[in-house]
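Report on the structure given below.
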Amino acid sequence: MQVPEITQTLLDAKKNKKLSFGDLEKILGRDEVWIAAVIYRQASASEEEANKLVAALDVNPVYAKELTESPLKGLGPVVPTDPLIYRFYEIMQVYGMPIKSVIHEKFGDGIMSAIDFTLDVEKEEDPKGDRVKVIMSGKFLPYKKW
Amino acid sequence: MQVPEITQTLLDAKKNKKLSFGDLEKILGRDEVWIAAVIYRQASASEEEANKLVAALDVNPVYAKELTESPLKGLGPVVPTDPLIYRFYEIMQVYGMPIKSVIHEKFGDGIMSAIDFTLDVEKEEDPKGDRVKVIMSGKFLPYKKW
Amino acid sequence: MQVPEITQTLLDAKKNKKLSFGDLEKILGRDEVWIAAVIYRQASASEEEANKLVAALDVNPVYAKELTESPLKGLGPVVPTDPLIYRFYEIMQVYGMPIKSVIHEKFGDGIMSAIDFTLDVEKEEDPKGDRVKVIMSGKFLPYKKW
Amino acid sequence: MQVPEITQTLLDAKKNKKLSFGDLEKILGRDEVWIAAVIYRQASASEEEANKLVAALDVNPVYAKELTESPLKGLGPVVPTDPLIYRFYEIMQVYGMPIKSVIHEKFGDGIMSAIDFTLDVEKEEDPKGDRVKVIMSGKFLPYKKW
Amino acid sequence: MQVPEITQTLLDAKKNKKLSFGDLEKILGRDEVWIAAVIYRQASASEEEANKLVAALDVNPVYAKELTESPLKGLGPVVPTDPLIYRFYEIMQVYGMPIKSVIHEKFGDGIMSAIDFTLDVEKEEDPKGDRVKVIMSGKFLPYKKW
Amino acid sequence: MQVPEITQTLLDAKKNKKLSFGDLEKILGRDEVWIAAVIYRQASASEEEANKLVAALDVNPVYAKELTESPLKGLGPVVPTDPLIYRFYEIMQVYGMPIKSVIHEKFGDGIMSAIDFTLDVEKEEDPKGDRVKVIMSGKFLPYKKW
Amino acid sequence: MQVPEITQTLLDAKKNKKLSFGDLEKILGRDEVWIAAVIYRQASASEEEANKLVAALDVNPVYAKELTESPLKGLGPVVPTDPLIYRFYEIMQVYGMPIKSVIHEKFGDGIMSAIDFTLDVEKEEDPKGDRVKVIMSGKFLPYKKW
Amino acid sequence: MQVPEITQTLLDAKKNKKLSFGDLEKILGRDEVWIAAVIYRQASASEEEANKLVAALDVNPVYAKELTESPLKGLGPVVPTDPLIYRFYEIMQVYGMPIKSVIHEKFGDGIMSAIDFTLDVEKEEDPKGDRVKVIMSGKFLPYKKW
Amino acid sequence: MQVPEITQTLLDAKKNKKLSFGDLEKILGRDEVWIAAVIYRQASASEEEANKLVAALDVNPVYAKELTESPLKGLGPVVPTDPLIYRFYEIMQVYGMPIKSVIHEKFGDGIMSAIDFTLDVEKEEDPKGDRVKVIMSGKFLPYKKW
Amino acid sequence: MQVPEITQTLLDAKKNKKLSFGDLEKILGRDEVWIAAVIYRQASASEEEANKLVAALDVNPVYAKELTESPLKGLGPVVPTDPLIYRFYEIMQVYGMPIKSVIHEKFGDGIMSAIDFTLDVEKEEDPKGDRVKVIMSGKFLPYKKW
């Protein structure tokens, strides 16, 4: 995956300014994962958010406009080879049917929205080894009948 | 996806006995998603757990042995067509790079384990529409150097 | 695509009873496309709807229960070879980007839901050749920020 | 998907001139989706239409000629990853067989043309959330026998 | 490719009765390729044609009904391995762009219909080796503008 | 598909000189489809033919040499997305087996050559809509036994 | 790859009668590889050859007829996983371009026929380890111009 | 397939010097196919061979070093579209199983090496049309047991 | 992956007789991984080995013959979904190039044989968590020049 | 596979300085395979390791920073065509199920980690031909139940 030029520019600026995503979270008042999604051009910011981000990273303000546009989303390779990203593919392969069964039992026929959706990444400290906690919350959308 | 014969048998028994995955959670003392994974042959039970499950569902006890075996795991189709399961593929496509960046920043180079891993599905009641909450917790595994 | 046994049974019964999808629409009070989706196991009916359908087609009432379940959805082949179905794939290939641009301009960043969604097929009589009219209506879902 | 250089130029000009697709619809007397298809090089304009478009966007008139050519059409990725575009793929996967059955019942063996075809995108205001309405109208083409 | 049971039955009957496709052409008054397409369930016959075919092959008349239905069409494998069929794939790969250019130059933007379409196979005797002549005739469909 | 630089140069020259493929056919004494195949680098010309073509199009004579080389042939995408080219894929999918059966019956086991092969595109004027006629003629090659 | 029932039957009979492909070569007067191709339904025999083969293997004579038919050819998986067969895929991947260059230099633009083609497998005894010798001989087919 | 820059340079030099692969065979004392493989970066030369080749083609001596490196081998597209190269894919598809059976019968379980391997291309003159003879010789490698 | 009937029979017998692969290793005098490969029909046994195995598992002696045949090898899915097997795919994706570089540096241009090859699986006890040790040993095969 | 610019730079420097991976192993105190993985951007170094490596290779120190980042890992092509790398794919295809069975028997349900993992490549001198020894050691990760 070739990241777009704007993404590379913002990531380089972020590194040079030694800002973490958590720092940007405080500056923008938005979750760090969402901000990373904006930078990777998977989400679009409001003008105000884009301006704040561009100012915080101290890059050319012309980038702000591009960050407000609705990007063509997605990673690319059908099955990702990067081990960290692949694990999410594996979770879908292994736990897809069990999750489907449990959601249908609890909610009926429908899906968890990936649009009216939030995703948080947290660090759980644990003496046996820290844990990555990923919390997804998506609106349940029941199938409409007509 | 053709579910294996044992899965169909257990799901039919569960329906006939009007047991929810939540009921099975109480009986087995294991999370409902994990129990569903055992039934879909994506996870293996201990002998004791298998016997309890088979007894609760009142099916032929010979099924218990099969539930203790390490199954060949995975759903099958490279890109799933079922909308509920696809949304998890989409989350990986859209948020894969942002998650990767945030995890590396918080933890260093490594991955979230999908083996030393738990997954819960919860219902969040919400007047604007209930929400599906999926909580994943996987041990962070740093890349070993040698 | 091998249609499931229940689908074949219902389609055979429908043919033997010389009922059109339009006739079933009148009997069930649901759109004919949705009813066809239930029969092809792409949508799930309520118990009442399932009973009505099974009665109208005069098939074994045990089928009703199966029609209320949330099916594993999707057609299967990645690129469909059937010419009628392929044309919808082609429309997505050719008009996907133009539709995306127009929807974003009218609504902002988000999608047309395929769940809170209806689809009608109408016949437009035309002396130069009748036309197929397909009307899709899906709720606009704006991307949530968090 | 890398959009061609001409597409990027026209989209940039459109943004700078703050023209919506709806504005272009009024200027050209053609539907906004079709105009977007011309800009994305999925449809070809007449010389007159191309000249009008180039004039409206105030770009170099040499672009007009290119807009009259028959482009090599299509989006590219076999299964699109962009969520908005994917939903149309999903509709084909889930509702493909039901639509096929209903069209054959209403029209006989044949297809809906994707060439003698129009597509409109409308905004339906709705207090429960606005809806995207997509209206497709394609000539029914019966299979010729010989 | 597993041919459907009805296809195998009709081909076996045809062989037992020592009827060629050319013989069937005379009996049905339809081209032999189209008749082969009906037998392979790629085309649908009228009731009268189906009855004639079933009578000519002397098979169970219940097959006639199935021959009138609109089949799910297509061969299956994305790139066919059979050398005879593959050559048509190769022709598309090698001559696809040249044909596209010549058709657009002669007709404008549009396509050759594969629905309002006929296909003949003829044997051209030639002392240097007989030749297979395949004649396709499809209605030109110009892209509609709207 | 990115056409090679030489192809783009020759097509641009052809457009500037307002020469049709039919005009080139008269100049070279070769069929227009074959000439298009040379330009798209799917066929190789003799030195004389290459010189004539380069002269007719008035481009740098160095291009002539390249036109005499045996190119690496093929279009690229496994299933083409361009609607005009796709129709030839569809014809292979739908009529592949019927054509195979008819050719084997007429000729025995073997194939239609795609090398000792010609392809013509003709315009059939028709009041109900002009038709594209594609005539393929390939030597029948019987399987050799050994 | 599931071998067809007739193949399995003939291979079992061959093993029971302890006949090698070399023995069959002597009985039929045809090369052992071609005979293996007939048995695997990749080549078609004459009636006389089929009768001889069926008699030699002492199987039900009804199989003879099937051996004279033109089979749907090919192995199936796009990239074969069997190591012996894969090596031929690898040879094509590694030596494809060099072979192409040398053939074009020696013969001009065209191909080696895979139809007017023979293939022998020989054992070369060698103290450093026996060698497999595969000799392919295919008619050169020059591209026809038209 | 984009050939690497070094390949293009050497092929251009070879053409300018009007050297055939056969001429290079005499100069280097290596088979022309192997030399072509070196030029296409599918095989690695010794320093001495590389120097001779670079001298014969009269190109910058810095290229010699690159020719001694172990290249990343392979053509690229999973199923090649070039007709000459495809025929080798087809031979594997059609004759793969027969060859496997004959080799196992003659040699036992194992494979023909594609590494301890030579490949010659010869021209067989024939009044009915010259033939391409491809002779492969690979060491038989029996499966080791342990 | 559907394991063949013989594999299932042998695995069931092994479980009923409570024999581990390690037990079979002692009985046959062959490594447990190789024995598992024979049972999964990825390797072929001698008659003597097959008889011993069949006797140890106390199954019908007719299975012995099948175990001596050269199987069509391979797992099937292009990218395996089972997490344990996938990790070996991941190792190839991540460490493929580094291994290639190191092997070429140590041995020259060539490969590690997967035929003249052994593979052991050992358990390394470790207080921080036991480790799986996989030892592969394959003959280095230098590329032959010719 | 196009190696990234930094990889090419480091490999060129390593060749110019005539340093082997084994030499780098001594300088860095890390295994040569791991160092190669850092150079191919499949592993990330500490600042200290990166500085040492950059100094040893005598390249611009700015490269050190890039070597400490967590790269997007993986080779790319789904099935690698390079023969050396392919053999590891083949080992997974052929021995995947046997390894899975033996590991589950020895360790229970779980996997060999590819993250808490080391890989060594050794040369085993052998009069019958040197052997490549690859030793993998990965922590066994049992499936967590919850």
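Order of writing sets the chain letters: A, B, C, D, E, F, G, H, I and J. Residues in each chain are counted from 1.
Definition applied: contacts are C-beta pairs under 8 Å (C-beta built on N, C-alpha and C of every residue); 3 or more make two chains touch, one makes a residue touch a chain.
These numbers come from a predicted model, not from an experiment.
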Steps in the shortest chain-to-chain touch route ending at subunit I and beginning at subunit D: 2
Shared chain contacts [subunit B and subunit J, defined touch]: A, I
Greatest separation from subunit C - chain, by CA centre: H
Chain pair showing more contacts of the two, D-E and E-H: D-E
Intercentroid distance (Cα basis), subunit H paired with subunit F, Å: 29
Whole-Å gap separating subunit C and subunit G, where each centre is the average of the chain's CA atoms: 48
Whole-Å gap between the CA centroids of subunit B and subunit D: 41
Multi-partner residues of subunit E (at least 2 other chains): 1, 34, 72-75, 78-83, 90, 93-94, 100, 104, 110-111, 113-117, 119, 141
Chains that touch, pairwise: A-B, A-C, A-D, A-I, A-J, B-C, B-D, B-I, B-J, C-D, C-E, C-F, D-E, D-F, E-F, E-G, E-H, F-G, F-H, G-H, G-I, G-J, H-I, H-J, I-J
Interface residues, subunit F side, partner subunit C - complex: 79, 81, 83, 86, 90, 93-94
Contacting residues of subunit D [partner subunit F, same complex]: 72-76, 78, 114-115
Subunit E-touching residues of subunit F, taken from the complex the two chains share: 1, 3, 11, 20-22, 32-34, 36-37, 39-40, 42, 73-75, 78-80, 82-85, 87-107, 110-114, 116-117, 119, 121, 123-124, 126, 128-141
Complex contact set, residues of subunit F against subunit G: 30-31, 34, 43-44, 70, 72, 100, 104, 108-111, 113, 115-120, 141-146
Subunit F residues touching subunit D - in the complex, by the definition given at the top: 1, 79-83
